[in-house]
Amino acid sequence: MNFKEIIQETYQKVKNIDDNGQLASYIPELANVNSDNFGIHISTIDQINFGQGNCYDKFSIQSISKVLSLCLAYRILGEKIWDRIGVEPSGTAFNSLVQLEVDNGIPRNPFINAGAIVISDILLSNLKNPKEDFLAFVRNISNNSEINYSRKIAESEKSIGFRNVALCNFIKSFGNIDNEPSKVLDFYFDLCSLEMNCKELSELFLFLANNGNTIKNPNSILTKSQSKRVNALLQTCGFYDESGEFAFKVGLPGKSGVGGGIIAIHPNQYVIAVWSPKLNKKGNSYKGVKFLEEFTTKTQLSIF
Amino acid sequence: MNFKEIIQETYQKVKNIDDNGQLASYIPELANVNSDNFGIHISTIDQINFGQGNCYDKFSIQSISKVLSLCLAYRILGEKIWDRIGVEPSGTAFNSLVQLEVDNGIPRNPFINAGAIVISDILLSNLKNPKEDFLAFVRNISNNSEINYSRKIAESEKSIGFRNVALCNFIKSFGNIDNEPSKVLDFYFDLCSLEMNCKELSELFLFLANNGNTIKNPNSILTKSQSKRVNALLQTCGFYDESGEFAFKVGLPGKSGVGGGIIAIHPNQYVIAVWSPKLNKKGNSYKGVKFLEEFTTKTQLSIF
Amino acid sequence: MNFKEIIQETYQKVKNIDDNGQLASYIPELANVNSDNFGIHISTIDQINFGQGNCYDKFSIQSISKVLSLCLAYRILGEKIWDRIGVEPSGTAFNSLVQLEVDNGIPRNPFINAGAIVISDILLSNLKNPKEDFLAFVRNISNNSEINYSRKIAESEKSIGFRNVALCNFIKSFGNIDNEPSKVLDFYFDLCSLEMNCKELSELFLFLANNGNTIKNPNSILTKSQSKRVNALLQTCGFYDESGEFAFKVGLPGKSGVGGGIIAIHPNQYVIAVWSPKLNKKGNSYKGVKFLEEFTTKTQLSIF
Amino acid sequence: MNFKEIIQETYQKVKNIDDNGQLASYIPELANVNSDNFGIHISTIDQINFGQGNCYDKFSIQSISKVLSLCLAYRILGEKIWDRIGVEPSGTAFNSLVQLEVDNGIPRNPFINAGAIVISDILLSNLKNPKEDFLAFVRNISNNSEINYSRKIAESEKSIGFRNVALCNFIKSFGNIDNEPSKVLDFYFDLCSLEMNCKELSELFLFLANNGNTIKNPNSILTKSQSKRVNALLQTCGFYDESGEFAFKVGLPGKSGVGGGIIAIHPNQYVIAVWSPKLNKKGNSYKGVKFLEEFTTKTQLSIF
C-alpha cells in the first residue's frame, strides 16, 4: 500500500471518530475557526505530493513557527545559540517558571514559550529588519511569496498575552534578553501569527527531511549536523508535556501549534502536515495526533 | 571507513582526553572500580562483532538493567503496563518527588528510579520465582548462562538505599505498589546489581535493533511495535536530565548506568556498548558520551 | 462578661452551626469517632477551670503531642536542637518534600511531620526507655497518671503510614536521622496516639501560659525564654497551611490535631482546649476554629 | 531598667559587632548609602519618645510602606480585600511564582511583592489621585507634611524592575489585576520610594500599638479588630523567609525593608524603629535584627 492509499484510508477513519478535543480559547481569534476542518498533506524527498481534506485552507500555524525562528537563529549564530537556551524537555508547563528560576533564566529548550522568546530576542539583535527578514527567509525556503503574518491574530494575542509579558520580563531579570521586552514580544507575537495551509507546511519543512537542503530550489538552509540536531530537539521537545507520548506512539520528530496544526518529519523520506483545530488536554490537535498514530502504524515506518 | 576503523580511531582519541568525570561514590562498592577502564563493543544485525579496550571485563550495569525489567514486564502485561507508569521525560531529579505528588504516584517513565520500582513490583506480582525467572529471561536472550547478580553490589546498595525506600513507600501511599515495599526493594536492588561486559551488553540488546527479535537463537522478545516503543522511550528518557542532550549530540536511543556503562541502539543496524566508570555532572559516563558523540559524527549515521 | 459565660454562650452558638467539616478518614480508627462530639475546657493561671460539652471524653490528640515531644527534646538539648530543625512556616504540605530536598533534609519546623519525626529521633537517642520516659514526662507535668498511648490508634496508623515511612527514610538519606527508621517511626506513631480529654489538655499545657512553669505542682518544664519561643513557633507554624489564618482570626498561639482537638494559649492568662472531630479543608477542626474565633472576638483578648 | 537605658546599652553593644551583612545592591541608588548608619527610635503609647544614633536621618523605607498601603486599602474595602489576597506565610521567594500558579493568581499575603502589587491595583481603582491621596493618608497619620516619595529611588527601581513587571503581568493573566500593569507598577514603585527617619517611623506606626487609633491627633485609622489582624499578619509574614525566626527570637510583629529599616510593634505598649543598611542573607537588616533580639531579651517583654 502506498502513502496515497494509506492517507485516504486513515483520513476517512479518523474523520469520523468522536472528537473529544476543545478549540483553543485563550486567543479570541482562534476560537472563530470552524472546528470541523481536517486536512492532510505529505511531501516526500522523491517529489511525491499528496493532500486530502482541507489541505489548501490556511490556518494559524502558531508554535510551528518556533521551528522556523530556531532554524534562522541557528543558521546565523551556529552552536553559540546554546549558550542562551537548553536542549532538554521541560516537563510540565508548571515547571517552566520554576526551572527558569533554577536555571538562571536559561529556558529548557527553544520550543517552550520562554525559549522561543529568547530566540526572538536573538533574531531582533541579528536582523536588520526583523519582521521583513524573517518573512523573506520563510518565503525563500518555500519559494512561496504568499506566506504572511496575520495582523488580526497577532493583535488578538497581544491583547491577552500577559503571561508572555511576564515570561519575557522574568527572563530579562536574569539578563538573558538583550532588547526591550515590548519589542521582543511584538516580534514574537508576529512570528506566531504566520498563516499557511497543510500543503505549504509539508513543502516548507522538507529541508529537515533532507539533511538541511531544500529540494525544489536547491539551497542549504542548515548543515547536515544542524538539521539532525533540530530533528532530535523536535523528537524530545516538540509536543510540550506530550513529547514522550508522541515519540512513543508516532515515532517521528514533529511540532504542533495551538491552531491545530502538526508537522511530522521522517528523515530522508518525507514531511507530513495535519490540521484539525480541536486540541487534546495537552494542547495538541486531537485528530492530528490520532491520524499520525494510525499513519505510522499502517506504514510500519518510524525512526525507531 | 568501516565500524572497526572508526571505533579504533575514536577509542584512541577519547582514551587520551582529560577525564573530568567522577566515580559514583554513593554506592560504596562502585567506588572500588579502577577508573581507567575503558571498553567498547559493537554488534550489528549483520553479525559483525568488534570490541576494543576493556570490553571483556565485567562491571555493574546498574540502571541499564531497567531496560530489561521493562521489556519483561511489557512482554507479560502488554499495553496495560502504561496504566501504572508514564512515558514522558521527567526533567530534573528534583522534580521526581514533586511529580509523583502531582501525578498521584504514577512515575513519569520506567527509567527513573520511581518507575523502575513500579516495574519491579509488577514483576514480583507476575513471576513465580522473580529473581530466578528474571535471570533466566536475561540469560535466555543472550544465550549466556554466566550472567549473574552481584551479591556484594546489591548489599552495598541496600545498606544506603534510604532514598529508594522513601520513593517506594511514597508510591505505595498512592496505591501504586501492590507488594510489601521491603520485598519490592530487595528485588529492585538485585536487578540493578547485574554484571556484564561490553560484549555481553551489545549482544544482549541486539533484539532492540532487530524489531524485537534475537538473531543468534531466533526468538521473539517483543513485538515490532513494542520494540519501537521501547526505543522511543530510550530516546526521550534514557539519560535522566541529559536525555535531550544525548538525542541532540548522539542521535540514538540509549541507556546509561551509574556504573559507567552505556548502550546505544541504531534500529535496523547495531547496538554499541561503552564502559568508562567516571561520570559527568548529569550522572552519565563522561568518556562514554564523548565516544558516542565522536562515533556518530564519524559514521554520519543517526536516526535523525 | 466572664470566661464562663462567654464559653457557654459561644458553645451554644457554634454547636448549632452547620458543620461543613469531614472526619479524618486516612487513619481507619479515627473514622470510628462520633462526629457530634463537641467539648471545651479552659484553665487559667488564676486557677479558674471550666468545661462544657464533651470535655471529659478522651480522644486521640494526634499532632498536639508534637508540642510535648518538642518541649522534652528542647529541655534536654537546649538551643542545639535547632541545628537539626528549622523555625519557619512550611507553606503547603506539597512543599514539604521539595523543601526537605532544598534544605538538605532539615525540616522547616518541628510541627510538620518531617520535623516531628526528627524530634522523635532525637528523643530516641537521648532517653533510656523512650516510650516510658516520654509518658512519665507528660504524666508528671499534668500530675495525672492516667494519660496513656492507644495501642489501637498506633497500630491503625502504622498499618497505613507509608508516607511517614517515606519521609523518615528521605530525611535519613540526608543524614538527619540517627536511629533506624523503623524504630523512629514506631516511637513516632506511639507519640501521636496519646489520648486525653479537653480538661486534661488545658491543664497540661498551662505551663506554656506560665513562662514554662507548672502551677499545681510547681516545676520548671522550660525556661522563660524557651517557653516564649515555643509559643512563637506555635503562632507561626501550629496550624499547617492555615497558621496565618489562625493568627489572623484567633490571634493566639496554638496547635491542632487530626483527631479534632485544638489547644490555644494566651501567655500569662490561660490555655483553652476544644474538641470537635470534623475537619475543615486545611485539616483543622471546623467547629474548633469557629469557636475560638468567636471566643477571642467576644473576650476582646488576643496577643495582638 | 527603663527603655532609654536599655536602648543606649544595646545600641553601644550592637554598634560594635562585626556586621556580616551586605548592602542591597539590586537597586543602584540603595547601594550609595553609607553603611555605617545605625539609628533607633522608640515611641510608646505613654508618649515616651527616645532616639539614638542616626535616628533623624531619612532613608528609603521600601517594603515597610507595604504596611501603609495595606492599611489604606483595608480601611477602604474592609474584609472584602481578602478575596484578592491571602493571609498565609509564603515560604521561600522561590515558592512565590509556583504558589501564584497553584493559587490562581491570589498572592499568599500582602507583604510579598505579588501581594503588595495587588494592593497597589486596589488603591489605584479606589483613589481619585492615587499618589497624592496615599501621601496625604501617610502625612495625616503622622501629622508630618514633610514625608515624601523619592523620585531618584523610584526611577532607579523602575529601571531594573523586570521581575516586578513579570509578577504583575503574571497575576494579570489570572485576572487579579484590574488596571494596566504599567500604571500599577508606576504607583507601586513610588510607594516603595517613601523616605523617613526612625523617629518618623516609630511615631507613624504607633496606631498599630494602639488598637488602630493615633495618639497625638486622635483619629481612627483602623478598627480594633483590623489593627489586631494587621499585627497578626506582620507576625507571620513580615520578614519574608525569616518571619518564623523573627517571631522566635524577637517575639514581636514587625516589618523590614531592603533599605535596612525595621519596625517592631508591641501591642498596647510601643513601636520601635531601627535602621542599619547592611542586610543578612534573608534580606533583613543584620544589625537591626540583632538589636531587636537583644532589646526584647533585656526588656523581658514579648507578646509570647
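The letters A, B, C and D name the chains in turn, as written, and every chain counts its residues from 1.
Here, contacts are C-beta pairs under 8 Å (C-beta built on N, C-alpha and C of every residue); 3 or more make two chains touch, one makes a residue touch a chain.
Which protein is which chain? UniProt says A, B, C, D = Glutaminase.
Since we're looking at a predicted model, the values are computed, not measured.
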item: Intersection of the contact lists for subunit B (Glutaminase) and subunit C (Glutaminase); value: none
item: Subunit A (Glutaminase) and subunit D (Glutaminase): spacing of chain centres that average the CA atoms, whole Å; value: 47
item: Cα-centroid distance, subunit A (Glutaminase) relative to subunit B (Glutaminase), in whole angstrom; value: 32
item: Centre distance in Å when subunit B (Glutaminase) and subunit D (Glutaminase) are each reduced to the mean of their C-alpha atoms; value: 55
item: Touching two or more other chains - residues of subunit C (Glutaminase); value: 94
item: Chains grouped in pairs wherever the two touch, ordered by label; value: A-B, A-D, B-C, C-D
item: Residue numbers on subunit A (Glutaminase) that touch subunit B (Glutaminase), as the complex places them; value: 86-92, 94-95, 99, 102, 108-109, 224-225, 227-229, 231-233, 235-237, 241-245, 247-249, 251, 253, 267, 297, 300, 302-304
item: Residue ranges of subunit D (Glutaminase) in contact with subunit A (Glutaminase) within the complex; value: 94, 97-98, 101, 162-163, 165-170, 172-173, 181
